[in-house]
Structure formats: structure tokens, C-alpha cells
Amino acid sequence: MTATTGHTHPTDPDAAGAAGPIGYSLPLSPSGQASMLTPPPWHFSGEILMVDYRVDPDAARRFLPPGLDAGADPGAAAAVFATWQWCSEDGAELADPAVCRFSEFLILLGCAFEGRPMARCPFAWVDQPVPMVRGWVQGMPKQFGAIHQTRPVTVGRAGSRLAPGGRFDGALSVHGRLTAEASVTVERRSERPPALHDVPLAHSLVLPRWVPSDAPPRPRLVASEVSGVEFSPVWSGPGRLALSGRPGTDLALLAPVEVGAGHVFAYGETLHGGRLLGA
Amino acid sequence: MTATTGHTHPTDPDAAGAAGPIGYSLPLSPSGQASMLTPPPWHFSGEILMVDYRVDPDAARRFLPPGLDAGADPGAAAAVFATWQWCSEDGAELADPAVCRFSEFLILLGCAFEGRPMARCPFAWVDQPVPMVRGWVQGMPKQFGAIHQTRPVTVGRAGSRLAPGGRFDGALSVHGRLTAEASVTVERRSERPPALHDVPLAHSLVLPRWVPSDAPPRPRLVASEVSGVEFSPVWSGPGRLALSGRPGTDLALLAPVEVGAGHVFAYGETLHGGRLLGA
Amino acid sequence: MTATTGHTHPTDPDAAGAAGPIGYSLPLSPSGQASMLTPPPWHFSGEILMVDYRVDPDAARRFLPPGLDAGADPGAAAAVFATWQWCSEDGAELADPAVCRFSEFLILLGCAFEGRPMARCPFAWVDQPVPMVRGWVQGMPKQFGAIHQTRPVTVGRAGSRLAPGGRFDGALSVHGRLTAEASVTVERRSERPPALHDVPLAHSLVLPRWVPSDAPPRPRLVASEVSGVEFSPVWSGPGRLALSGRPGTDLALLAPVEVGAGHVFAYGETLHGGRLLGA
Amino acid sequence: MTATTGHTHPTDPDAAGAAGPIGYSLPLSPSGQASMLTPPPWHFSGEILMVDYRVDPDAARRFLPPGLDAGADPGAAAAVFATWQWCSEDGAELADPAVCRFSEFLILLGCAFEGRPMARCPFAWVDQPVPMVRGWVQGMPKQFGAIHQTRPVTVGRAGSRLAPGGRFDGALSVHGRLTAEASVTVERRSERPPALHDVPLAHSLVLPRWVPSDAPPRPRLVASEVSGVEFSPVWSGPGRLALSGRPGTDLALLAPVEVGAGHVFAYGETLHGGRLLGA
């Protein structure tokens, strides 16, 4: 357990016997093995269904924290369904299929930091607890939802091939309410990855204050540090998208004013940690 | 609603107004559209992880109903994990990803009917209600479980490629208890499909008696009628398998006495109905 | 395994060795212990939230099978949320809390058989597989849903007491879509049980035909045979109800045209089997 | 949005227009209404099944952080199942039964801070995302599990009355593996609340470091601030408990060396925030 790995370490490192339980995250325990999260890097391999769309640029701006601006294409947005496998550096989770897979839906807004194109994720949902908490560790606002996505098939008649005319769908429900539906009918291979899936994500690192005497929390702007980005060939075609957030939440502000192309592809990356923006 | 499709039809077809609600299955309703099940044919496209194994031949025989015998290779068995997409003839369910996908785990025992090789499914679990009830309609003993399966990946580091050395795992939990775990490390392309996945299934069509004055139910032996069978290339290699049924159920009788090769492949078929065996 | 209990028994009872696997239901197995269902009687103890409402009488009639008529109060209906514990005759399931509890939502329509008041259940949803399949065995059209219901509390501030002004809510989602919401604000103790919860249920016993050469299925009208009915005191007050079925199903036909009183109470019964009506 | 409520507020409060999205927690949004969590106070009303037990005192000490000692009764522990309703100050969540209920299982270890008896929670699991994340905000190591608990019934035969001889059970599964089972057969009314449920909880406030240049996280010892504690009458009798953690986690260190009395009761409290211990 060293500072290098970012693990929690004893409050008095000289008093080994009294150091107390350890771990990368809660739960702390004598060996550190009870930690719910493993330390990064985390590897991800996913199957993605993505729909480009446009939101009201003013609404999008209201979701951007200080330091980010709307960039070159205000109002550019995307809705992304993904089915992931993930593992830690040693790959141990891959032997446990009840742990290493999850699904995700997220919204991306185009933005820029000091002129560099980035993406902002105002909303995200996953269907497994480890990725949800891991989201909060990195400033990504992951909530819990039921996420379903059709996949290309290679045999049989229950699905589309990844070929012209193939249709693929995604659906998100939150607390039993249908919240997002997307569909892509692929027509052609794209020459480049979808723009909003090929830029860094800028998150706000912040957790609610629990001890009233602490200073109020100040969100810090961080960029996720990734390596090993890989895209499969990207199939694209007309997209469809509907969003219907629970009344009173602000999801409705990001409803589509125009829906563009959809994309189906596989994507891999390794996530290492965060880097302060503007620090 | 006609006899040809097998739909429930009015008890007095001449009295249209009094005919009552209709449907292929419960719930019956005025239009028939409330039916939980659609009539066959049903198309299936699945990704399969399968482990061949051997059980005590005497135990296997005790699971065979009258009319089936142990066939040429008594004790041959297989454990099968599958992630399916399914749809009805018109494919409508494919637009509803919360409906058209499910996972399954089942056990197969080699057997024969009048000298013809078949497979018997003594236990099966799925994670969606429509396939579960559909199982009971066809005499397949589908129960409910939590089923997880790793999949081949094509990009990134969170999973194996479908290539020599690739490892794939499956796990079944029933009522919160780990019930089956399987693993395959693929080494080579097989020349033919796994034997127990390439023969007809023989089920016992029976539902508990509800009205005491009815005659006791007599299971009828039926073979599933399928068409359009397609196999992807099959990758094979050493398999691993553990079964641990809740005490008092008979699953333990079918524990492995020897574990053989495992297989990873995609499979498609269309299921049309049942055919009485020996009638 | 005897005819008396309605268990599946050997097709040739004289040929013990060849009798094959047995069981009250699928899965059949050597000992019969693998059966997903136990034979009745089944005991139920539940906490109920019920809202009386009225539907279009013509719509209600279209859900009634031959033999049932609309009775004395055409259009009378109720929406019922229930959280149940259940067990078999020996009570064994009560030691397994992951098995013995489930939630349910159902709709009841007032009707009559030969002048006797009864209730018809055109739609029902549960959140556990055993009650779902058990529904089909008795002709009750149980599907799968996510069902939530607030309960009276006796300490703390997170809920209402079962006392004047107490509010209790229920919600049903099906395949991730909000399908029913109900609310009751109790005001007073009622002098008698809610009418539609105090009459026998009339179901249609029918399963889809699987073997095309079989005769088309003919639904048989059966009444559930119950004993040991117990009601707690019933608290009543204004109810609220909204139904929103997936387009194309017939649930919308049974939307409220008027919403009446709601009721909160506990209810117990023992279910023994079915009795043919009009046979 | 003020510092008083602990909400995230703008990084530059003078630049209102550029203040960016706000909220008590992620997700931040223009109105703050997208926040997954509401600010405390949070009210809780729960039904509890608790078993007192003893662990190896040395093992228990290894779970205590600096500042806490084993107190007057080293090795005292409890396993607690709870079914909760919760709501924010305005009670709004109570109208949404899919949101305001969750189940929990946790372990408590007796300990002391500067001579004051407290309880340490080394492990906790819940079945809803909001309480899980809220746990991390307060330093409580909540993970995700499937939690089931039988309840007292007042009518019918499917359960025990809260009366001598009544038996109540709880079960926890984590990632599909049975992890804890407890049972209580109540015999008598207790004169006082169970000791470990009637002392403050001492948590470790810490989140993994995400930005490598930040200082390593140092857990801070905090006590939960609660008010409005209410106990129903407590029924007690012999308890049973089994724990079986996934190999490699440290849960096995806290397995029972002796199992004592069990208790069934209702409990209410309001949680306001945290107070640093020893600061």
C-alpha cells in the first residue's frame, strides 16, 4: 500500500501496528482485499450504439462548469449505449462474468477547454454497482438504470447483421420509467470515429460535504487519462432518439432539437486516472 | 384467430358476440394483443459457451422418461450457457431490446428415441419471463436464474479474442446461490458442431393438474421442430465445470464425473412447434 | 407420488423401473424434488393496497369469457397491489426469504357466474418466477413486472402510520415502462372488506397448443378454491389510480373512467385448487 | 444553494452567469434538481432482524481505525438485516415507492472512542443505488447485494406472528453468491434495545484519490449525527448466523465464534450529517 498507487494508507505510517484497516476504497480491511474498487488502470472493451444529436446551445452551456466553453460546435450532443467488459490490470475479474460486465447509457455534450475539443457527460447510467461508484470517484455522474441494447448477429434470424440495412436499438429505464430510446439503421462504413467519442471527457470532481464544519465542496475540473484507445470499423446510418426524463429533473433540457447519424462500433480503452484542468 | 395458428378461439365460434376474449396465450383479451406469448415460429440467434462432460450413466437414465433410452453413449452430458436474441415471425420484438434478449443455462443428456440420437434437457434456467413460460408451453423445464457469460472482444484488453488461448466463462445463480460455473479456454477450430447441440431435444409436455376431478396429468414425449439451424465456426479447447445445486433437489445427481472439451460458437434456429414421439 | 395429490405419475405404474422421472411440475426428476412448484395447498399472507374504480362496462364485458356476465354492477373494477409471503403446507419456504416473498399487481373486474358474484382478473403481474408459473397452472394470467408499495410504519418519520391521513402508494413497471400507479389516503376504518376482494376469482384454464395435431385449446372456466380467508381491519379513504399500458396491448381498454375509494389491509388465505364452473 | 446546506456552489460566486451547474451531489445541472442525492436530513423507518454474535477479538481490532479501540467488550458483534423506508425532509420520496424503499445487511463491531461506546460497520450491503452512494458520502462502506427478510404477519398462515415461537429469517447474496443467513426465533420482549443498535456509528470518511498529484487520502473518523431515535418493542430469542464471504475478501475474519440472541423490532431515526471525532 503506497502513495504511488493512491491507496489509503495509515494516518501514522510509523506506527504500523496501529495503522488500522486499509484499501484502495471502502470497505477498508486488514489486508485491503475487501476494497469494493480496485485501483486503476482499468481496461474496457465495449460494444457501442451512438446517436449524434443537437440540443439547444443555451441549454448545453448551462450544463458546462466554469473553465469549459461550448467550443466550435455549440449544441453538438450524443447519446451513447454501451455494453462493456472491464477488468483491472491483472485481468482477474474476467473469470467472474457476474462482475466484469455492465451496460451504460450516457449523454455527451461537445465543449472545449482552452480551445481543445472535449466532451462533457452531464448524465450517465449503469447497471452494476462497481462502475457506478467508480464513476463518482472520477467525477462522472453515474446513476443506476436498466439498460438494454440489441447486438449484431452472425447466424440465425433474430437480429441484424452488421451490414447495410442492419438496425440496432437501445433503451434505458430509470426507477421503472422509460427514459431513453435510440435506434440506428446502419448504411455504410464511416471513415473516422464519431467526433464526440474521440475526445477526452472533462468531469467535475466533487463529493457532497458531510461534516458541516468543512469548507463547502468546490468541484474541480478533471480530464480522464486514457490510453490504448481502439476503434473497430464504425458502421453509420440514420439515427433515432427519444429522451423523457422524470419531471423536475433537468434531463428534459437536453432533449433533441435535431437527430443526426447513428453509429455502431466496438471500442477499447484503458483508464488511468484524472488530470486537473487549469490547475 | 384460427385453428391453424393454434390460437385460443371462442368456445362457440358461431356466437361471435359472446365469444369472449382471445389470445395465443394468457392474458386473453378482446383483440388477442394482450397475450404474453406470440405464436411460433420464433427465431433465435445466440452466443453459446458449452462444456461437454460425463455423468453417472445410471443417474442419467433416471432422468429419462419412458420412450427414451441412454443411446450409444450413456452418461454423455453437456452444460450450455447461451445469450440469445429472439423474435417472432415479424421480427417486431427486435425493436424492443428490453424484451428480445435473454440468457440461459441448461444441461443436456445424450439419449435416443427408437435409435435416433436426441438430447434431453433435465434442467434449464433463463433470466426473462417470456422465455420461461414459453419453455413450459413446449415441455422444457425452464426456471429463473441470474446468468452471466463473458464474450469475445475485438478491441481493447477487457476480454479474450476468439483465438487460441482465449478464455470464456459462464456463471448461474439461482435464488442467490451460485449453482453452476463453467469455463472454456479455446485452442482450435472444431470440424463439426458439438454432438449434443446438434440433435433434436425431447421434452415432456405436462402441466400440473389443477382441477382435482381431472385425470392425472400424463407427460407426453415431444420433439421440438426446428428449422434454419446455423452454426458459426466452433472454437474448442479444455473445459471446466462445477455444479452445486441446492440440497434436496436432484441437480447433484448430474454432477460431473469427468469434464471434457468446451466450445464457443454462435447458433441460430427457428422453433416451430412440437411433434409427438411414438404417437 | 399419488393421483390424490395431482402429481405427475408414471405412464405405466406397473413398470416401476421404467417409470421415469416424476414431480408435481417440471422439472421432473428421479425423486420429484426438482419440481419448480410444490403441490397445493399454498398459504398466503399479504399486505394489500387496493383502489376501487370503474371502467367502461362494454370494455369490461369484452374481457369476460362465455359463462360469466357483468353481474349486478357492470363496470366495477379494482386495482390491487399486494406484498405476499407464501408457503406450502409444511411451511418450509418460510426459512428461505429469497423464495417466500413476492409482490403482485392485478386488476379485478366485477362479474357473476349463474348469478353468483365473482371477480375476473384480466391482468396480473408478479416479481418472482414461482408465483408466475403457478398463476398459469391455475389459469391466472400472471406476467412479470417490477412492483413497489409503501407500507405503514410504526416508528420514525419515513412513512405514514395506519391512521387517518396516512398515505400509501403502489407502482408497477413492465419491461421498464411505468404501467400503473395507485395511491390511497386512509381516513376511516371500513365496516366490511372491499367487495371485489371478497368474492371468488374465475379464471380461464388454458395453455397454448404445442403439437399442431392436437385439438385447439378450449379455455375452461374455473373458480379458485380457497379457505382460511382472514382480513385485518380495513382502512379506507380516497384513492388515485393511473394505468398506462404499452400501446397495442388491451390494458388501455380498462383505464379508469372514475376512481373511487382505496383500501389498505392485510389478507390471508389458503389456495387448494380449482373447480370447474358450469361443468 | 448556500454553504449552509452543504450544496456545491459556484467556484466564482460573483460571476453568477458563469457559475455553472449546481447540485447537492452529482449530476450537477442548471437547477440542481438532477442531483442523485438530496441533502440531509434523511428520515428512516425500518424493520430490523438482528443477531448478536462474537468474533475473534484480535480480528475485530484489525478492522478498527486509529482512534477507535475495542472498548469494554472486545469481540462483540452483530449482524443486522433491515428493510427501510426513507425520505428527505419534505417527504417527497414517499410518493414514489420504487425509490423510497431498500433493504440492507450490515455487520457491527463493538468499539469505543475516548471511552464512549460506539459501533463500527466494517461491511454493509444495500439493494438500491441511492442509499449505496449516500453510504460513501458518510464514510459507510455500502456495497450492493440482494437482501431478503421475512416479516411478521397478522393474518393467514404464511409467516410467523410477532409472538413467542415466531421465526424470522434474513439472507444476503452478493454477485450471486450466498453470503449471509440469519434466523431469530423470538421468545420474549426485551427490556432494552440491542446494545450495538443503540450507540453511534463511527465511520471513516475517505474516497480514493483520482488525481495522482493530490496528497494520498487520509481517512477521517466521523460519527453519524442522528436524532429522533425510536424503537418499537423488541422481541428477542435464540439467533442463528452463517457468513460465507467470497474467498480473498476479509469478511471471513469476522465469522462467528459464538452466536447469541436475536432481535426483531422496528426502528426510526433521522440522519443529519457527520461530526469529526478527535478533531
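To keep things simple, chains are lettered A, B, C and D as they appear, and every chain counts its residues starting from 1.
The criterion applied here is as follows: contacts are C-beta pairs under 8 Å (C-beta built on N, C-alpha and C of every residue); 3 or more make two chains touch, one makes a residue touch a chain.
All figures in this text were calculated on a predicted structure; none of them were measured in a lab.
K.L.:
Using the touch rule from the top, work out which pair, A-D or A-B, shares more C-beta pairs.
P.N.:
So, comparing the two chain pairs, more contacts are at A-D.
K.L.:
Do the two copies chain B and chain C share over half of their interface residue numbers, or under half; same or different?
P.N.:
same
K.L.:
Quick one: which chain's Cα centre is the longest way from chain A's?
P.N.:
The most remote chain is C.
K.L.:
Could you state the distance in Å from the CA-based centre of chain A to that of chain B?
P.N.:
Using C-alpha averages as centres, the distance is 35 Å.
K.L.:
How many angstrom lie between the centres of chain A and chain D, each centre taken as the mean Cα position?
P.N.:
28
K.L.:
Could you list which residues of chain D touch at least two other chains?
P.N.:
96, 98, 146, 148, 171, 173, 176, in rising order.
K.L.:
Draw the chains as points, connect those that touch, then say whether the picture is a line, ring, star, complete or other.
P.N.:
The chain contacts form a complete graph, every chain touching every other.
K.L.:
Considering only the defined contacts, which chain A positions touch chain D in the complex?
P.N.:
For this pair, the touching residues of chain A are 3, 6-12, 15, 18-21, 24-31, 33-34, 36-37, 39, 59, 62-66, 96, 98-99, 122-124, 128-129, 132-133, 136-141, 143-144, 175-176, 204-213, 216-220, 222, 248-251, 253, 273-276.
K.L.:
If you look only at chain C, which of its residues touch chain A in the complex?
P.N.:
Residues 146, 148, 171-173, 176-178.
K.L.:
Considering only the defined contacts, which chain D positions touch chain C in the complex?
P.N.:
43-46, 84-87, 91, 94-98, 100-101, 146, 148-151, 153-160, 167, 169-171, 173, 183, 228, 230-232, 266-270
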